[in-house]
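Presented sequentially are two complexes of chain A, the first with chain B as partner and the second with chain C.
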Partner chain A sequence: MGGIYASVLTISPGRPFRASVTTFGALVWSGFRRYATYRQATLAGSFTNIVFGFLRCYVLLAVAAGATGSRPGGYDGAQLATFVWVGQGLLTVVGIWGPPDLSDRIRTGDVASDLLRPVPPVTAYLAADLGRFGHALLTRMVGPVIVGAIFFTLTTPTRWQTIPLFAISTLLAAIGSFGCRFLINATAYWLHDARGPLVLWTLGSGVLCGLYFPLRLLPEWLAVTLWVATPFPGLL
Partner chain B sequence: MIRMQDLRKDFTVRVKAGRLRREKRTVPAVDGVSLTIEPGEMVGYIGPNGAGKSTTLKMLTGVLAPTSGEVSVFGLTPVPQRTRLALRIGVVFGQRSQLWWDLPLRESFRLLRHIYRVPAAEHEARLRRCRDLLDLDAFLDTPVRQLSLGQRMRGELTAALLHGPGVLFLDEPTIGLDVVSKQAVRSFLAELGATGDVTLVLTTHDLADIERLCHRLVVIDHGRVVHDGTIDALHARYGSRRSLVVDLDRPLASGFALPGATLVAAEAEGHRVTFALDSASAGEAVAALVAAASVRDLSVVEPDIEDVVARLYASA
Partner chain C sequence: MGELRAYAALLGGKARSMASYRTSFAIELLSNLGSTVLDVVTVFVLYRATARVGGFTLAESLLMTGLTAAGFVLADLVVGNIDDLKRYVRAGTLDTVLIRPLRVLPQLIFMDLPLRKLLRLAFGIFVYVAALVVNHVHWTPTRLTLAVVAPIGAAVFFGAIFVLTASLAFWWVESGEMGAAFTYGGRDFTSYPITIYSDWFRGVFAYALGFGLVSYQPALALLDRADPLGLPAWAGYAAPLVSVPAVAIAALVWRIGIRHYRSTGS
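This part shows the complex of A and B:
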């Protein structure tokens, strides 16, 4: 068998930064590949997003029609429709309800193999989640937004800066959402089963992120508190 | 290479002690283990369920922090230097997977190359070896979730070796495998160990693994080492002997004694007798028998390690 198994590893030969980027990139790609394997699930997920998009859009438009001056919280119809459809698109991209991988692995003990790798688990999980983010951006964001644009009038940004700012904020939101989920899932280290915290998170985050209705519809003091004191409004 | 000095791990469990009250109780999983393992050794680490085998391995690999005592692998302290240690050890858990469930084996390997930052040429060379020895080619492009247990285990072994570790920890690597896969895994490990480049530490319930692979056997029970030595030493200590089973044309004369051996059984009206070899070698015993009686057939039976270990577990 020769000595090939025994040669002591040279750790990041020469260029440690470049090697780190390569490792991170490979982990991101693995996250992307994992999701790209399940095409039917991607299709089914997009379909669900679109159906719920119609439901939410009509509910909010009905609210708008019934409100005095037809502008609840200062939004008009097209803005409300845009809120719903972009929100539906962002749902999986930001992934506030992302998969409970970590807590499952803690419960089954598989997390031990994550700890046996020479990469810190937070980095490895973040990279895989960014792969998921990339996949969702390409497959899950596009569908709902196009369908929304076909069936409703959506507003388009008036300044070009809005688009790169939107892109950056989406990426930051994905990282923020990952951080929150990682913490919630990590409760499994103490609780052995994170289902309770995860249910609370699913319920709470939808409301507090402004997924179900724009946060501006809330009383001023509550909306401001949410914006200033919690990460939620920044996520979606 | 691997040093453990009075290593302990206690777990705290809460036991119901009333309607609402719960009492804390400390359970020692590993209770003062001291061991030294030299480079190139192949050590079998056995013990009944719950003896503390996996807990020891987890402390050696940096997954669990010891409650007290010292542990070092390659001079590194596993928990604080976990990532540095991870580059130099390989671990295979028979009951868990370190491969990516949704990805083909080939991509899992490629990913591992980046995680461990192995130069492409080295990676290729090691992978080619493993492909040849473990017959991976047939399922290299199959997603891990579709592999059979035997195929997956061969993948796991490869994954653990691709970065060229100096120590390979194996936690029940043959559990649940069929006979053919077990043989494949064993002969692969035997070949790997024969090079002397890789130190193997193996926990198992299948004693055939140990007989085939390990010169040194460490038996642990209730968190303590109850035996550390060769398999022969274990037999000697527990008085297990080889035996000689002889088929005869005519029963032996009554009062016949074989020097250095004890008659333990006579069957088929004395046509088949069994001697336990105390001090006589098999050759001496056979020569004495052939001189004294007409022997039709004979066989030498090795002592059964399972019996010895069962006795050891029961007495510990």
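This part shows the complex of A and C:
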């Protein structure tokens, strides 16, 4: 029985940790470049985020204007506006509606070549997704926040700690969102076509992350259940 | 007749492909219903915080939401898939469509008629009818006609917007999600009374693009309310006519786009 042998170029045989870091970094960078190629799509996407920002912001402000004490769910107007515009920016950064690459590859069978690679698929996909995250952070976050700041009064954080905490929380949210999407996409291993679960995810994540309205507007028992029992509020 | 048979074959192929992924299709059917249900639930949640939004009560708002939901989903069901045009242009699938001896637009529609959206349409109509009942509309023959014509007008208008935004792909393949700002954005815009928007934003969306005439004006006429923004009462009855110029513009742009199309060669 003649076996078939495959060998992989080892970057640094003596220091395996460094090798995996280099590979991971290269994958992140290629993920970044993939999105950097489509500049026009970035522009078009930002435009759409901004239009939706206006729509959602006006609705919430109109609700605030009619609410008792003008503070629905304990938020004032500026906080609601900030919530909407930062949310519109974060939407693509966290990528709760990321591309269904994995399920497409499972359906077409291309995933087999991913499994043959010497990098675990979860790691490889996570690296590519972090590249996407980096690109979105630089490009998609600024547009909505600047437009929001021009047309509405936004609140600025009063404590310096808020900013690094926000950065860490965004990164964790991106990883969390990646994990959820990976699971949803992986249903294609059983169903062959993950379109249904993906639609369900798009739908559930939008509302349960608080994209359409702050979760505090829900009855308290429901909001608390969502906070404690589901990953959604942690994503956006 | 032969043409009809060809369209039926396209549709049959689609139905068979859906039947082979049953679980996924069932989930899709339910989640599609869910998306419209959530739009309506959002309105209820927002009204938990306040009794009036932009001067309108929950029941009055629901009439606009229901009218929008029924019209939009009907449009989405019939021509919504035209959204994929940019994919067809990039992948070269459009070339296959162009060389067949059938009209392009109907082919694209029948290639992927999304039957999964049927439940959603039923729900949209249900909300609309329920809102009509809850609001105790003072029925006259003209109002009855308007109540029937308004959602159809809305559907035709949204259909025109779908075709228009999809046509963008003929000139700009990477237009990405830009169309969604006007299709789904338009739906969100017309789901609420337009009094809540600031002047310039309302000017652009409601009057320049015509979205204000889709649900807000007809709803005012059905509710027998004067327009706080100052349009005369007959405007509500005339509003569904806005879909006529919309369709004309969409048809024109679509035709120019098809002529302009050059294959990417892939």
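General remarks:
Convention: the second predicted complex is superposed on the first by the 224 of 236 C-alpha atoms of A that agree within 3 Å, B and C clash if a C-alpha of one lies under 4 Å from a C-alpha of the other, contacts with A are read in each partner's own complex, and residues count from 1 in each chain.
The rule we apply is simple: contacts are C-beta pairs under 8 Å (C-beta built on N, C-alpha and C of every residue); 3 or more make two chains touch, one makes a residue touch a chain.
Fair warning: this is a prediction, and the values are worked out from it, not measured in the lab.
Within the superposed three-chain model, A:Ala149 lies out of touch with both chain B and chain C [touch as defined at top]. Shared-chain residue A:Leu55: touches chain C; no touch with chain B. Once the two complexes are laid over each other on the shared chain, residue contacts for A:Ala223 go to neither chain B nor chain C. By the touch criterion stated above, A:Leu171 is placed in contact with neither chain B nor chain C. Contact with neither chain B nor chain C is seen for A:Leu138 once the two complexes are overlaid on the shared chain. In the superposition on chain A, the residues of chain A contacted by chain B and by chain C overlap at 38. Against chain C, in their complex, chain A makes its touches with residues 38, 40-41, 44-45, 47-48, 51-52, 54-56, 58-68, 72-73, 191-197, 199-200, 203-204, 206-207, 212-213, 217-219.
Residues of chain C that touch chain A in their complex: 21, 23-28, 30-32, 34-35, 38, 41-42, 45-46, 48-54, 172, 174-178, 180-182, 185, 188-189, 192, 195-198, 201. The part of chain A that touches chain B in the complex is made up of residues 1-13, 19, 22-23, 25-27, 29-30, 33-34, 37-38, 108-110, 112-113, 115-120, 124. On the chain B side of its complex with chain A, the touching residues are 58, 61-63, 82-84, 86-89, 91, 93, 96-98, 100, 102-103, 107, 110-111, 114-119, 122, 125-126, 129, 143, 161, 163-166, 191-192, 194-195, 197-198.
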